[in-house]
Amino acid sequence: MKLHRKTLEVKSSSGTDIVDLTREVLAAVKESGVKDGQILVFVPGSTGSVTTIEYESGVIQDLKEAIERLLPEGITYLHDKKWGDGNGYSHVRAALMKPSLTIPLVEGRPLLGTWQQVVLLDFDNRPRNRRVFLQVMGV
Amino acid sequence: MKLHRKTLEVKSSSGTDIVDLTREVLAAVKESGVKDGQILVFVPGSTGSVTTIEYESGVIQDLKEAIERLLPEGITYLHDKKWGDGNGYSHVRAALMKPSLTIPLVEGRPLLGTWQQVVLLDFDNRPRNRRVFLQVMGV
Amino acid sequence: MKLHRKTLEVKSSSGTDIVDLTREVLAAVKESGVKDGQILVFVPGSTGSVTTIEYESGVIQDLKEAIERLLPEGITYLHDKKWGDGNGYSHVRAALMKPSLTIPLVEGRPLLGTWQQVVLLDFDNRPRNRRVFLQVMGV
(Lines give C-alpha, C1' and ligand atoms only; values in the text may rest on other atoms or scores of the structure.)
Protein backbone atom coordinates (compact mmCIF):
# COMPACT_ATOMS: atom_id res chain seq x y z
CA MET A 1 0.00 0.00 0.00
CA LYS A 2 1.46 3.31 -1.10
CA LEU A 3 0.66 6.76 0.24
CA HIS A 4 1.62 9.70 -1.92
CA ARG A 5 0.84 13.29 -1.10
CA LYS A 6 1.10 16.59 -2.88
CA THR A 7 0.11 20.12 -2.00
CA LEU A 8 -1.13 22.41 -4.75
CA GLU A 9 -0.81 26.17 -4.57
CA VAL A 10 -3.84 27.76 -6.22
CA LYS A 11 -4.38 31.46 -6.75
CA SER A 12 -8.11 32.14 -6.59
CA SER A 13 -10.10 35.30 -7.11
CA SER A 14 -13.02 36.53 -5.00
CA GLY A 15 -16.69 35.81 -5.65
CA THR A 16 -17.03 32.00 -5.78
CA ASP A 17 -14.09 31.29 -7.99
CA ILE A 18 -14.32 27.80 -9.51
CA VAL A 19 -10.90 26.44 -10.47
CA ASP A 20 -10.26 23.33 -12.58
CA LEU A 21 -7.82 21.01 -10.77
CA THR A 22 -8.14 18.00 -13.06
CA ARG A 23 -4.72 18.31 -14.67
CA GLU A 24 -3.05 18.49 -11.25
CA VAL A 25 -5.09 15.54 -9.99
CA LEU A 26 -4.05 13.43 -13.00
CA ALA A 27 -0.41 14.43 -12.52
CA ALA A 28 -0.41 13.49 -8.83
CA VAL A 29 -1.90 10.08 -9.59
CA LYS A 30 0.72 9.47 -12.27
CA GLU A 31 3.58 10.53 -9.98
CA SER A 32 2.33 8.22 -7.24
CA GLY A 33 2.61 5.11 -9.37
CA VAL A 34 -0.65 3.89 -7.80
CA LYS A 35 -2.79 1.84 -10.20
CA ASP A 36 -5.63 0.72 -7.97
CA GLY A 37 -6.87 2.81 -5.06
CA GLN A 38 -8.21 6.30 -4.52
CA ILE A 39 -7.32 9.98 -4.41
CA LEU A 40 -8.54 12.29 -1.68
CA VAL A 41 -8.82 15.98 -2.59
CA PHE A 42 -9.08 18.27 0.44
CA VAL A 43 -9.05 22.04 0.90
CA PRO A 44 -8.05 23.16 4.40
CA GLY A 45 -9.88 26.22 5.75
CA SER A 46 -13.52 27.05 6.24
CA THR A 47 -14.38 28.97 3.05
CA GLY A 48 -13.53 26.46 0.32
CA SER A 49 -14.98 23.22 -1.09
CA VAL A 50 -14.25 20.57 -3.69
CA THR A 51 -16.62 18.87 -6.12
CA THR A 52 -16.87 17.70 -9.74
CA ILE A 53 -18.62 19.42 -12.64
CA GLU A 54 -18.27 19.72 -16.41
CA TYR A 55 -15.81 22.57 -16.74
CA GLU A 56 -17.78 24.51 -19.32
CA SER A 57 -18.34 28.24 -18.87
CA GLY A 58 -22.14 28.02 -19.12
CA VAL A 59 -22.69 25.48 -16.38
CA ILE A 60 -19.93 27.00 -14.22
CA GLN A 61 -21.91 30.23 -14.28
CA ASP A 62 -25.14 28.28 -13.62
CA LEU A 63 -23.57 26.76 -10.51
CA LYS A 64 -22.42 30.17 -9.24
CA GLU A 65 -25.90 31.59 -9.72
CA ALA A 66 -27.54 28.62 -8.03
CA ILE A 67 -25.27 29.02 -5.00
CA GLU A 68 -26.04 32.74 -4.86
CA ARG A 69 -29.80 32.01 -4.95
CA LEU A 70 -29.52 29.36 -2.23
CA LEU A 71 -27.09 31.16 0.08
CA PRO A 72 -27.10 34.84 -0.86
CA GLU A 73 -24.18 37.10 -0.13
CA GLY A 74 -26.36 40.15 0.54
CA ILE A 75 -28.39 39.06 3.59
CA THR A 76 -27.39 39.52 7.21
CA TYR A 77 -24.98 37.01 8.75
CA LEU A 78 -24.24 37.05 12.48
CA HIS A 79 -20.65 36.07 11.72
CA ASP A 80 -20.15 39.44 10.03
CA LYS A 81 -21.60 41.38 12.95
CA LYS A 82 -19.10 39.70 15.25
CA TRP A 83 -15.99 39.55 13.10
CA GLY A 84 -16.48 42.13 10.38
CA ASP A 85 -14.81 40.06 7.65
CA GLY A 86 -17.92 40.21 5.51
CA ASN A 87 -17.53 36.56 4.55
CA GLY A 88 -20.24 34.94 6.68
CA TYR A 89 -21.89 33.71 3.49
CA SER A 90 -18.59 32.08 2.44
CA HIS A 91 -18.45 30.05 5.64
CA VAL A 92 -22.03 28.84 5.30
CA ARG A 93 -21.52 27.86 1.67
CA ALA A 94 -18.37 25.90 2.50
CA ALA A 95 -20.01 24.12 5.46
CA LEU A 96 -22.82 22.94 3.19
CA MET A 97 -20.55 21.82 0.36
CA LYS A 98 -17.76 20.37 2.52
CA PRO A 99 -13.99 20.43 2.01
CA SER A 100 -13.30 16.94 0.67
CA LEU A 101 -13.88 14.56 -2.22
CA THR A 102 -12.65 11.00 -2.83
CA ILE A 103 -12.29 9.57 -6.34
CA PRO A 104 -11.46 5.94 -7.10
CA LEU A 105 -8.50 5.04 -9.31
CA VAL A 106 -8.63 2.25 -11.87
CA GLU A 107 -5.66 1.28 -14.03
CA GLY A 108 -3.76 4.31 -12.83
CA ARG A 109 -6.42 6.88 -13.64
CA PRO A 110 -9.18 8.63 -11.69
CA LEU A 111 -12.54 7.14 -12.67
CA LEU A 112 -14.01 10.41 -13.95
CA GLY A 113 -16.48 10.76 -16.79
CA THR A 114 -15.32 12.54 -19.95
CA TRP A 115 -17.28 15.66 -19.03
CA GLN A 116 -16.45 15.54 -15.34
CA GLN A 117 -13.69 17.74 -13.94
CA VAL A 118 -12.43 18.16 -10.37
CA VAL A 119 -12.87 21.71 -9.12
CA LEU A 120 -12.03 23.89 -6.16
CA LEU A 121 -14.79 26.27 -5.12
CA ASP A 122 -13.35 29.26 -3.36
CA PHE A 123 -16.22 31.03 -1.63
CA ASP A 124 -14.14 33.71 0.08
CA ASN A 125 -14.72 37.41 -0.57
CA ARG A 126 -11.09 38.22 -1.35
CA PRO A 127 -8.40 36.67 -3.56
CA ARG A 128 -6.61 33.82 -1.82
CA ASN A 129 -3.47 31.75 -2.17
CA ARG A 130 -5.11 28.42 -1.50
CA ARG A 131 -3.50 25.15 -0.62
CA VAL A 132 -5.25 22.07 -1.90
CA PHE A 133 -4.07 18.76 -0.57
CA LEU A 134 -3.99 15.61 -2.69
CA GLN A 135 -3.48 12.18 -1.17
CA VAL A 136 -3.16 9.08 -3.33
CA MET A 137 -3.56 5.75 -1.56
CA GLY A 138 -3.45 2.28 -3.08
CA VAL A 139 -1.30 -0.29 -4.83
CA MET B 1 -4.71 -4.64 3.01
CA LYS B 2 -7.19 -5.80 0.39
CA LEU B 3 -8.67 -3.81 -2.46
CA HIS B 4 -11.80 -5.19 -4.08
CA ARG B 5 -13.74 -3.45 -6.80
CA LYS B 6 -17.04 -3.99 -8.52
CA THR B 7 -18.96 -2.05 -11.14
CA LEU B 8 -22.74 -2.03 -10.96
CA GLU B 9 -24.90 -1.51 -14.01
CA VAL B 10 -28.00 0.46 -13.03
CA LYS B 11 -30.90 1.32 -15.29
CA SER B 12 -32.32 4.64 -14.18
CA SER B 13 -35.30 6.62 -15.38
CA SER B 14 -35.47 10.37 -15.98
CA GLY B 15 -36.56 12.99 -13.44
CA THR B 16 -34.32 12.51 -10.38
CA ASP B 17 -34.57 8.77 -10.13
CA ILE B 18 -33.48 7.56 -6.68
CA VAL B 19 -32.28 3.94 -6.77
CA ASP B 20 -31.61 1.76 -3.72
CA LEU B 21 -28.11 0.23 -3.98
CA THR B 22 -27.91 -1.24 -0.46
CA ARG B 23 -28.23 -4.87 -1.51
CA GLU B 24 -25.41 -4.47 -4.04
CA VAL B 25 -23.24 -2.66 -1.49
CA LEU B 26 -23.73 -5.45 1.05
CA ALA B 27 -22.94 -8.08 -1.60
CA ALA B 28 -19.72 -6.34 -2.66
CA VAL B 29 -18.53 -6.12 0.93
CA LYS B 30 -19.26 -9.81 1.48
CA GLU B 31 -17.48 -10.83 -1.72
CA SER B 32 -14.43 -8.79 -0.75
CA GLY B 33 -13.87 -10.69 2.49
CA VAL B 34 -12.94 -7.37 4.13
CA LYS B 35 -13.97 -7.20 7.79
CA ASP B 36 -12.52 -3.86 8.87
CA GLY B 37 -12.17 -0.94 6.47
CA GLN B 38 -14.39 1.08 4.21
CA ILE B 39 -16.40 1.06 1.01
CA LEU B 40 -16.31 3.93 -1.46
CA VAL B 41 -19.39 4.36 -3.67
CA PHE B 42 -18.78 6.56 -6.73
CA VAL B 43 -20.84 7.45 -9.78
CA PRO B 44 -18.77 8.62 -12.77
CA GLY B 45 -20.31 11.40 -14.85
CA SER B 46 -21.58 14.85 -14.05
CA THR B 47 -25.32 14.29 -13.57
CA GLY B 48 -25.41 11.72 -10.76
CA SER B 49 -24.78 11.62 -7.01
CA VAL B 50 -24.72 9.18 -4.11
CA THR B 51 -26.07 9.60 -0.58
CA THR B 52 -27.96 7.73 2.15
CA ILE B 53 -31.64 8.01 3.06
CA GLU B 54 -34.39 5.83 4.49
CA TYR B 55 -35.72 4.11 1.39
CA GLU B 56 -39.38 4.80 2.09
CA SER B 57 -41.60 6.18 -0.68
CA GLY B 58 -42.78 9.19 1.36
CA VAL B 59 -39.38 10.61 2.18
CA ILE B 60 -37.99 9.68 -1.25
CA GLN B 61 -40.68 11.91 -2.74
CA ASP B 62 -39.94 14.59 -0.11
CA LEU B 63 -36.28 14.60 -1.19
CA LYS B 64 -37.22 14.91 -4.88
CA GLU B 65 -39.52 17.84 -4.12
CA ALA B 66 -36.88 19.54 -1.95
CA ILE B 67 -34.31 19.27 -4.75
CA GLU B 68 -36.83 20.67 -7.25
CA ARG B 69 -37.54 23.63 -4.94
CA LEU B 70 -33.84 24.31 -4.38
CA LEU B 71 -32.61 23.81 -7.94
CA PRO B 72 -35.63 24.00 -10.24
CA GLU B 73 -35.69 22.33 -13.63
CA GLY B 74 -37.80 25.06 -15.25
CA ILE B 75 -35.55 28.12 -14.96
CA THR B 76 -32.97 29.24 -17.50
CA TYR B 77 -29.56 27.58 -17.46
CA LEU B 78 -26.71 28.87 -19.62
CA HIS B 79 -25.56 25.30 -20.16
CA ASP B 80 -28.77 24.61 -22.09
CA LYS B 81 -28.34 27.68 -24.29
CA LYS B 82 -24.90 26.47 -25.30
CA TRP B 83 -25.40 22.73 -25.58
CA GLY B 84 -29.12 22.21 -25.97
CA ASP B 85 -29.26 19.04 -23.88
CA GLY B 86 -31.81 20.58 -21.53
CA ASN B 87 -30.04 19.09 -18.51
CA GLY B 88 -28.29 22.14 -17.08
CA TYR B 89 -30.28 21.66 -13.88
CA SER B 90 -29.00 18.06 -13.67
CA HIS B 91 -25.38 19.23 -13.75
CA VAL B 92 -25.94 21.83 -11.05
CA ARG B 93 -27.73 19.34 -8.80
CA ALA B 94 -24.95 16.78 -9.18
CA ALA B 95 -22.21 19.36 -8.51
CA LEU B 96 -23.91 20.32 -5.26
CA MET B 97 -24.53 16.77 -4.09
CA LYS B 98 -21.22 15.28 -5.32
CA PRO B 99 -20.50 11.87 -6.84
CA SER B 100 -19.03 9.97 -3.91
CA LEU B 101 -19.72 8.52 -0.48
CA THR B 102 -17.52 6.54 1.92
CA ILE B 103 -19.00 4.18 4.51
CA PRO B 104 -16.96 2.42 7.20
CA LEU B 105 -17.09 -1.37 7.59
CA VAL B 106 -17.18 -3.08 10.97
CA GLU B 107 -17.20 -6.86 11.37
CA GLY B 108 -17.71 -7.29 7.65
CA ARG B 109 -20.71 -5.00 7.33
CA PRO B 110 -21.27 -1.36 6.35
CA LEU B 111 -22.02 0.68 9.47
CA LEU B 112 -25.45 1.84 8.33
CA GLY B 113 -28.43 2.52 10.55
CA THR B 114 -31.45 0.23 10.21
CA TRP B 115 -33.36 2.91 8.33
CA GLN B 116 -30.42 4.09 6.27
CA GLN B 117 -30.02 2.91 2.70
CA VAL B 118 -27.38 3.77 0.08
CA VAL B 119 -28.89 5.43 -2.98
CA LEU B 120 -27.92 6.65 -6.42
CA LEU B 121 -29.53 9.93 -7.43
CA ASP B 122 -29.75 10.19 -11.17
CA PHE B 123 -30.52 13.79 -12.01
CA ASP B 124 -30.38 13.42 -15.78
CA ASN B 125 -33.38 14.24 -17.99
CA ARG B 126 -33.37 10.96 -19.88
CA PRO B 127 -33.15 7.27 -18.89
CA ARG B 128 -29.57 6.15 -18.41
CA ASN B 129 -27.56 2.97 -18.12
CA ARG B 130 -25.44 4.08 -15.21
CA ARG B 131 -22.26 2.59 -13.92
CA VAL B 132 -21.73 2.84 -10.20
CA PHE B 133 -18.31 1.92 -8.90
CA LEU B 134 -17.79 0.19 -5.55
CA GLN B 135 -14.37 -0.08 -3.96
CA VAL B 136 -13.82 -2.03 -0.75
CA MET B 137 -10.57 -1.38 1.08
CA GLY B 138 -9.38 -2.88 4.35
CA VAL B 139 -8.36 -6.07 6.12
CA MET C 1 -1.06 0.06 7.18
CA LYS C 2 -2.90 0.56 10.45
CA LEU C 3 -6.64 0.71 11.00
CA HIS C 4 -7.84 2.24 14.24
CA ARG C 5 -11.47 2.77 15.14
CA LYS C 6 -13.33 4.54 17.87
CA THR C 7 -16.98 5.16 18.56
CA LEU C 8 -17.99 8.43 20.19
CA GLU C 9 -21.12 8.78 22.26
CA VAL C 10 -22.61 12.23 21.74
CA LYS C 11 -25.63 13.66 23.51
CA SER C 12 -27.39 16.01 21.14
CA SER C 13 -30.41 18.25 21.60
CA SER C 14 -33.28 18.77 19.15
CA GLY C 15 -33.45 21.45 16.47
CA THR C 16 -30.31 21.07 14.32
CA ASP C 17 -27.82 20.72 17.12
CA ILE C 18 -24.28 21.37 15.89
CA VAL C 19 -21.67 19.67 18.08
CA ASP C 20 -17.92 20.27 17.94
CA LEU C 21 -16.07 16.93 17.61
CA THR C 22 -12.59 18.32 16.93
CA ARG C 23 -11.11 17.39 20.30
CA GLU C 24 -12.30 13.80 19.93
CA VAL C 25 -11.02 13.62 16.36
CA LEU C 26 -7.58 14.83 17.45
CA ALA C 27 -7.55 12.32 20.32
CA ALA C 28 -8.45 9.40 18.06
CA VAL C 29 -5.69 10.29 15.62
CA LYS C 30 -3.16 10.52 18.45
CA GLU C 31 -4.25 7.17 19.93
CA SER C 32 -3.95 5.51 16.55
CA GLY C 33 -0.28 6.34 16.16
CA VAL C 34 -0.95 7.04 12.47
CA LYS C 35 1.22 9.81 11.04
CA ASP C 36 0.30 9.75 7.38
CA GLY C 37 -3.15 8.75 6.17
CA GLN C 38 -6.72 9.82 6.77
CA ILE C 39 -9.59 9.85 9.23
CA LEU C 40 -13.14 9.01 8.24
CA VAL C 41 -15.90 10.54 10.38
CA PHE C 42 -19.28 8.85 9.92
CA VAL C 43 -22.64 9.18 11.66
CA PRO C 44 -24.89 6.11 11.28
CA GLY C 45 -28.59 6.83 10.90
CA SER C 46 -30.61 8.94 8.51
CA THR C 47 -31.02 12.21 10.42
CA GLY C 48 -27.42 13.28 11.03
CA SER C 49 -24.50 14.65 9.02
CA VAL C 50 -20.87 15.66 9.42
CA THR C 51 -19.02 18.68 8.03
CA THR C 52 -16.47 21.33 8.98
CA ILE C 53 -17.09 24.94 10.02
CA GLU C 54 -15.52 27.58 12.22
CA TYR C 55 -17.02 26.79 15.62
CA GLU C 56 -18.06 30.32 16.44
CA SER C 57 -21.56 31.04 17.75
CA GLY C 58 -22.39 33.61 15.04
CA VAL C 59 -21.69 31.43 12.04
CA ILE C 60 -23.11 28.34 13.74
CA GLN C 61 -26.40 30.23 14.03
CA ASP C 62 -26.03 31.45 10.41
CA LEU C 63 -25.71 27.84 9.26
CA LYS C 64 -28.81 26.78 11.22
CA GLU C 65 -30.81 29.62 9.70
CA ALA C 66 -29.58 28.83 6.20
CA ILE C 67 -30.63 25.19 6.57
CA GLU C 68 -34.05 26.26 7.87
CA ARG C 69 -34.51 28.58 4.87
CA LEU C 70 -33.44 25.90 2.41
CA LEU C 71 -35.28 22.95 3.94
CA PRO C 72 -37.94 24.33 6.28
CA GLU C 73 -39.30 22.33 9.17
CA GLY C 74 -42.81 23.76 8.88
CA ILE C 75 -43.88 22.59 5.41
CA THR C 76 -45.64 19.32 4.61
CA TYR C 77 -43.52 16.18 4.28
CA LEU C 78 -45.05 12.91 3.05
CA HIS C 79 -42.82 11.02 5.45
CA ASP C 80 -44.70 12.57 8.35
CA LYS C 81 -48.10 11.66 6.93
CA LYS C 82 -47.00 8.04 6.74
CA TRP C 83 -44.97 7.63 9.90
CA GLY C 84 -46.02 10.46 12.20
CA ASP C 85 -42.55 11.06 13.63
CA GLY C 86 -42.62 14.68 12.52
CA ASN C 87 -39.01 14.49 11.37
CA GLY C 88 -39.41 14.31 7.59
CA TYR C 89 -37.44 17.54 7.32
CA SER C 90 -34.60 15.94 9.32
CA HIS C 91 -34.33 13.07 6.84
CA VAL C 92 -34.24 15.40 3.84
CA ARG C 93 -31.59 17.60 5.45
CA ALA C 94 -29.39 14.62 6.27
CA ALA C 95 -29.74 13.14 2.76
CA LEU C 96 -28.55 16.41 1.26
CA MET C 97 -25.64 16.88 3.65
CA LYS C 98 -24.58 13.21 3.85
CA PRO C 99 -23.27 11.20 6.79
CA SER C 100 -19.54 11.14 6.13
CA LEU C 101 -16.39 13.23 5.88
CA THR C 102 -12.76 12.25 5.21
CA ILE C 103 -9.87 14.40 6.42
CA PRO C 104 -6.21 13.77 5.51
CA LEU C 105 -3.56 13.38 8.21
CA VAL C 106 -0.10 14.88 7.92
CA GLU C 107 2.60 14.41 10.55
CA GLY C 108 0.08 12.86 12.89
CA ARG C 109 -2.50 15.62 12.70
CA PRO C 110 -5.69 16.24 10.71
CA LEU C 111 -5.01 18.85 8.03
CA LEU C 112 -7.58 21.35 9.29
CA GLY C 113 -7.32 25.11 9.08
CA THR C 114 -7.02 27.06 12.32
CA TRP C 115 -10.64 28.17 12.09
CA GLN C 116 -11.97 24.86 10.85
CA GLN C 117 -13.62 22.46 13.27
CA VAL C 118 -15.24 19.07 12.67
CA VAL C 119 -18.92 19.05 13.60
CA LEU C 120 -21.84 16.70 13.90
CA LEU C 121 -25.13 18.11 12.65
CA ASP C 122 -28.03 16.41 14.38
CA PHE C 123 -31.15 17.27 12.42
CA ASP C 124 -33.55 15.16 14.45
CA ASN C 125 -36.53 16.68 16.25
CA ARG C 126 -35.77 15.11 19.63
CA PRO C 127 -32.66 14.76 21.79
CA ARG C 128 -30.52 11.79 20.77
CA ASN C 129 -27.70 9.69 22.09
CA ARG C 130 -25.71 9.62 18.90
CA ARG C 131 -22.90 7.35 17.94
CA VAL C 132 -20.26 8.87 15.71
CA PHE C 133 -17.73 6.50 14.21
CA LEU C 134 -14.11 7.48 13.67
CA GLN C 135 -11.78 5.38 11.53
CA VAL C 136 -8.10 6.23 11.21
CA MET C 137 -6.24 4.56 8.36
CA GLY C 138 -2.60 4.98 7.37
CA VAL C 139 0.99 4.46 8.43
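Per-chain residue numbering starts at 1, and chain names A, B and C are given in the order in which the chains are listed.
Please note the rule applied: contacts are C-beta pairs under 8 Å (C-beta built on N, C-alpha and C of every residue); 3 or more make two chains touch, one makes a residue touch a chain.
Just so you know, these numbers come straight off a predicted model, no measurement behind them.
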{"item": "Chain C against chain A, contact positions shared by both copies (same if over half, else different)", "value": "different"}
{"item": "Angle of the C-alpha superposing rotation, chain B to chain C, to the nearest 5 degrees", "value": "120"}
{"item": "Cα-centroid distance, chain A relative to chain C, in whole angstrom", "value": "20"}
{"item": "Sites on chain C at which at least two other chains make contact", "value": "1, 70, 98, 102"}
{"item": "Interfacial residue positions of chain C with respect to chain A in the complex", "value": "1, 36-38, 51-54, 56-59, 61-63, 66-67, 70, 97-98, 101-104, 106, 111-113, 115-116, 138-139"}
{"item": "Complex interface listing, chain A residues touching chain C", "value": "1, 3, 5, 40, 42, 44-46, 70-71, 77-83, 88, 91-92, 94-96, 98-100, 102, 133, 135, 137"}
